[in-house]
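Common to both upcoming complexes is subunit A, partnered first by subunit B, then by subunit C.
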Partner chain A sequence: MSRLQTIIRSLKNGRRIIGPIASISVNNPHGIRSYSQMEVQKDAKLPVPLTISTQSEHENEDTKYEENIKNNILNHALDFVPKSGWSVESLSSGAKAAGYPTITHGLFPNGGGDLVHYFNIKCNEQLVEQMKTWPKMELKESTVPSQFIENAIMTRLLMIDPYKITWPKAMAIQTMPNNVSNCLATLLSLVDDICYHSGDRSVDFNWYTRRVGLAGIYKAAELFYLTDSTPNSGATRSFVASRIRDAQLIQAALNLNPVAAAPQTLTAAFTTAKNILGINTLK
Partner chain B sequence: MLRRSFLQQVRCAHSTVTENSRPYWKKNPHLDTIIRVDHAGELGADRIYAGQMAVLGNTPEGPTIQHMWEQEKKHRAKFEALINEYRVRPTALTPIWNVAGFVLGAGTALLGKEAAMACTVAVETVIVDHYNDQLRTLMEDPNIDKDILETITKFRNEEQEHHDTGIDHGAEQAPFYKALTEVIKTGCKAAIAISKKV
Partner chain C sequence: MAFRSGITKILSLRCAAHHVQVRRALTTQTKMVEEMKPGKTHFGFQEIEEEEKTKKVHEVFETVAEKYDLMNDVMSMGIHRVWKDIFMQRLAPTPETKLLDMAGGTGDITFRYIKYLQNLPASQGARSSVTVCDINQAMLDVGKQRALKLGFTPELCGVDISWVCGDAEKLNLPDDSFDAYTIAFGIRNCTHIEKVLEEAYRVLTPGGRFLCLEFSQLPNSTLQWVYDQYSFQVIPVLGQLFVGQWKPYQYLVESIRQFPNQEKFKSMIEDAGFRQVTFENLTFGTCAIHSGFKL
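Moving on, here comes the complex of A and B:
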C-alpha cells in the first residue's frame, strides 16, 4: 500500500521534478557547449589583460594619429582664413592643401567653431612659450605686475592681427551655444596662464577675482582692438594700460582698511546727501 | 554630465597639459580634487585652532592647543605649496570656511575645554577617515606620486595624534558629547563634499 502510494506520489510529483530538469535543458540550449566554452575561456584568461592593454595602446596611438591629421588640416586651413573666413570652405581648402580630399572637413562637425578653437589654443600655447622667456619680476604682496600683464595681453591680441578683418566673425562664432564652452575654456586657460606666469600665487578668493578681472580686461581690449586703426595699435595699448590701472584702483579700494577709510566714506556720503537736498555750498 | 564634459574641455585646453611639461591630470584625474579639498580642510582646521586659542589661550590647555595649531599651520602651508606647484584651482569658498572654522573653534571653546576637545576629536575623526579614503584612491594608481602619498600619510598620522590628544584631555566628559560630535562630524562631511566640487 505504502509503496503504491509513493509510486503514485512520485508520478504526481514527477511533473514537478522532471519539469524543471526538462525546462533547464530546453531553456539552456548551450548545455554541453557552455562547458567547453568555459574551458577555453580559462585557458584564454592569461593573455586577456595583455590584449586589452595593447588594445588601449593601439587606441591611444589611433587617437594621436587622428589628432595629428586634424591639427595638420587645421593648420593649413588657417592660411585660407583671410580669403574665405572661419568657415567650412577654409577647412576644405586646408584639407586639400594638406593632401587630403576636400570632403575631410567632415572631421570637424562644428565647422568654423573648431577652426577658431584650434587658433585660440595655438595662440595660447605660443603665448605661454613666450611668457616663459620674459624676465621674472621680484614680486611684493601689494604690487601688481601691470607691465607684464599689459605685454601679455598685447602679445596675445597682436596674434590676431593677420586675421583682423575676419575676427569679428570669429567672435560671433564663439558665442554660438555649441562653441561657448570651448571659448570659455580657452579664455580661462589664457587668463590662468597669464596670472601664473606673472607670478600670482594666491590660494584664496583672490585667485578668482584676478582671473575674472583679467578675462574682462582681455575681452574688452579685444573689442577695442577690432576698431583700432592707429599705427602699431598704440590706442589699444593705452586702453589696456588704463583698464589695468582701473583694476588696481578697485583692488586698492577693496583692500582699504574700513576704519582708516571711514572719514572719507562719511565725507562722501555727507556731500552726496547735500547734493540730493540741493544745499551744496560749492555750487 | 554637461558640467563634467566642460571641465574635461577646460583641462584639454589647458596649456600645461602638453606632452612634455606636466601631464598630471592625465596621470591621476583625482589629484586636483584631492589637493583642493585637503587645502580647504587644513584651512578650516587652522581656523578652528585659531578660534580655540582665542578663548582658551591663557588656560593650562593653551600649550597643547598651540602645539596642534603649529602642526596644522604647517599642513596648510604644504598644501598651499602643492596648489601652486600643480596649479590646482583653490576652492571658491575660502571666505566661508575661514569664518565657519573660527566660529566653530571659538564656539566650542566657550562651552568649556572639554567641548573644545570634543570638537577636535570629531573633526580629526572625519579627517583621518577622509585621508584614508584618499590614500586608497591614490594606491589604486600604479604610477602614484610618491611625494603626495608620503605627505598625506604623514598628515594622517599627525591628525590621529590630535584625535588621541583630544581623548586624553577629557573630550568624552564634554556636555552632550555624543550629540555634539555627531553634529560636527556631519558638518565636516558636508564641507568635504562641497569643497571637492566647488
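Moving on, here comes the complex of A and C:
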C-alpha cells in the first residue's frame, strides 16, 4: 500500500481530529453519581432481576465496598465543613479522621462538589425516613396537601442549619458546570420523594407541573433561608407557605376554564407582583 | 564542527531509520506482551533475554543522564513540563504526605511536589517527606545536584528528601510505608510491569494512591500517524544532534510503542489489587495519567 493510501485511510478512520488538549475520561461507572441513581431505583420499588451472575455479584460487592469507604470519608469530612468549608481540605481532614492518609482525598476528583453532593443525598434520605412516619393524607382532585409539603420543605431546609454560614459557597459549587447534573439529580429526587410521600400518584401532565413547581419553591426558599435571621426561621416558613398558596392558585386556575378562571388568575398574578415588589403587607 | 559530524552520521544512518519506518507502517497495532516467548522481553522492537533488559536500559540512561532534561524539552517541545504539572495537580499532595517518587532520578516530579506543598497555606507540625528512588545512580546524581542548585534542602523547603538507588521490581522498603507512589515515564523501562505494580501495592499504606504518568497510544489513527512520523523520523535525529546519540532515542520511541495502551494498562493496575482505577489522556493520548487506590 502506498504512503498516500495510508494517509487517506487514516484520515477516513480518524474523524475526530480536533480533541481537547487534556480531557477527563468518563471511565468510572461506579462513580459517586451512580449513588443517587441507585437510591431512586430503590425508592421506586423496581423489580430486581432474580438471576444475577456470580461475576456481577462480585462486582456489586466490590462497588459496595468502595462506596462504603467513600461514604465513611465523606461523613467524617462533614464534621470539618464549618471550619474549612466545602473544600479539598475538609476531605483530607475527613480522610485522616477515617483512618486514611490525607492524600486519599483524590478519591473525589470533584473535590468540594462531591462533598456537597453527598450531603444533599444524605439529607434527602433522612427526609424520606421522616416523611414515612408522617400521617398520610388522601390526595383529592385539585387539592394540594400544603401542610405536608410545607413541613417537608422546612424539615429539609433546617438540615442545612449546621452549615448555614458555608451554604452560599455550597450553592455556588453546585452551579459549576461539572456539578450541575449531580445537583439537578438530587433536587429532582428530593421533589419526587416529597410528591410521592405526600400522596401524589398522578400519571398525567400534573406529574411534571407539580415537580417543577415544587423544585422552584424549594430553591427559592433555600435562597430566602440564607438571609433569614428570625427565630426558628419563622420568616422562611411563612415564605414557603405563601409560595405554596401561589402554586395552589395557579393550579386551580389551570384546572378551570379560562373565563371562569380570570379573577383567580388575576389575583394570583397580582399577589405575585406584590410579592416581587415587596409591598405585600399581609404578613 | 560537532554539528556537521552529527549531520554526516544522520545521513549514514538514514537507511536504518527508513527500515524501521516501513515496518512500523505495516504493523499499526502494537505487538502485545503475550506474544513473547517465556524468558524473553522487548527492548524497543528487539526481542532479548529478560536479564539483558535491565542492563540495556541501564546503559541507555547512563549515556543520556546529563542531557536528559534538555532532551525532554527538545523532544516534547516543552510540553512535558505541562504534563508533569497536571500530574502533580491530580495528586494534589497535602501536608504530612509521604511520597515515593519512583524512577524520579532527575527530580522533576519531586521538585514539583515540594513547590506544590510550599504553595499550600502553612500548617503546623505536619511534615511531609519524599523518597526519590531510581535504579540508576547517574540519574540520581543529576537530581541531587539540581536539588542543591534550586535550594531544595530539607532545612530550607520543609520537606524531607531522601535519595535511594533501588529496583522498582524489588524495593528494599517496608510494607505500608508510603501515602503516595508516583512513577513518571519510568514504568515503561521496567522488565516486569506486573512486579512493579505489586511492589507499589505492597509499599503503599491503605488509602494510598498510585499515580502513573506514561506515554500511551492515541485513539485517533490520523493523529497516531502524525505522531509516528514525528517519533521515528525526528526524535532520533534530535538525539543525534543534541546528544550525539541515535540508539537511545530510537529505543525510546520503540519502547513507547511496546507499552500497553490505556485500557490494557488500566486492567493491569486493577489486577495488582488497586481499586478505583481511572485514567486521563493528555494531549490527545500521547500521555496518560493512571490513578489507583489501595483500599
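In this section, the second predicted complex is superposed on the first by the 201 of 283 C-alpha atoms of A that agree within 3 Å, B and C clash if a C-alpha of one lies under 4 Å from a C-alpha of the other, contacts with A are read in each partner's own complex, and residues count from 1 in each chain.
Methods note: a residue touches a chain if its C-beta (ideal position, glycine included) is under 8 Å from a C-beta of that chain, and two chains touch if they have at least 3 such contacts.
Everything quoted here is computed from the prediction, not taken from an experiment.
*Asks:* Check the residue A:Asn275 against both partner chains and state whether it touches subunit B (first), subunit C (second), both, or neither.
*Replies:* neither
*Asks:* Pick one for A:Gly106: touches subunit B only (first), subunit C only (second), both, or neither.
*Replies:* second
*Asks:* Just to be sure I read the superposition right, which of the two partners does A:Asn232 touch: subunit B = first, subunit C = second, or both, or neither?
*Replies:* Neither partner.
*Asks:* Touching A:Asn60 in the superposition: subunit B (first), subunit C (second), both, neither?
*Replies:* The answer is neither, since A:Asn60 touches no partner chain.
*Asks:* Using the touch definition from the top, say if A:Ser242 reaches subunit B (first), subunit C (second), both or neither.
*Replies:* neither
*Asks:* For A:Phe205, decide between first (touching subunit B), second (touching subunit C), both and neither.
*Replies:* First partner only, subunit B.
*Asks:* Looking at subunit A, does subunit C or subunit B touch more of its residues?
*Replies:* Touching more residues of subunit A than the other partner does is C.
*Asks:* If you look only at subunit A, which of its residues touch subunit B in the complex?
*Replies:* Against subunit B, subunit A makes touches at 121, 124-125, 128, 181-182, 184-186, 188-189, 192-193, 196, 201-205, 207-208.
*Asks:* Hey, which residues of subunit A end up touching subunit C in the complex?
*Replies:* Listed in rising order, the residues of subunit A that touch subunit C are 3, 6-7, 10-11, 13-14, 16-17, 19, 21-25, 27-28, 30, 62, 65-66, 69, 88-89, 92, 95, 99-107, 109.
*Asks:* Inside the complex, what are the residues of subunit B that reach subunit A?
*Replies:* Listed in rising order, the residues are 5-6, 9-10, 12-16, 18, 39, 80, 83-84, 87, 89-90, 92, 94-95.
*Asks:* Along subunit C, where are the residues that touch subunit A in the complex?
*Replies:* Per the touch definition, subunit C meets subunit A at residues 25, 86, 90-98, 179-180, 205-209, 220-225, 262, 266, 275-276, 278-284, 291, 293, 295.
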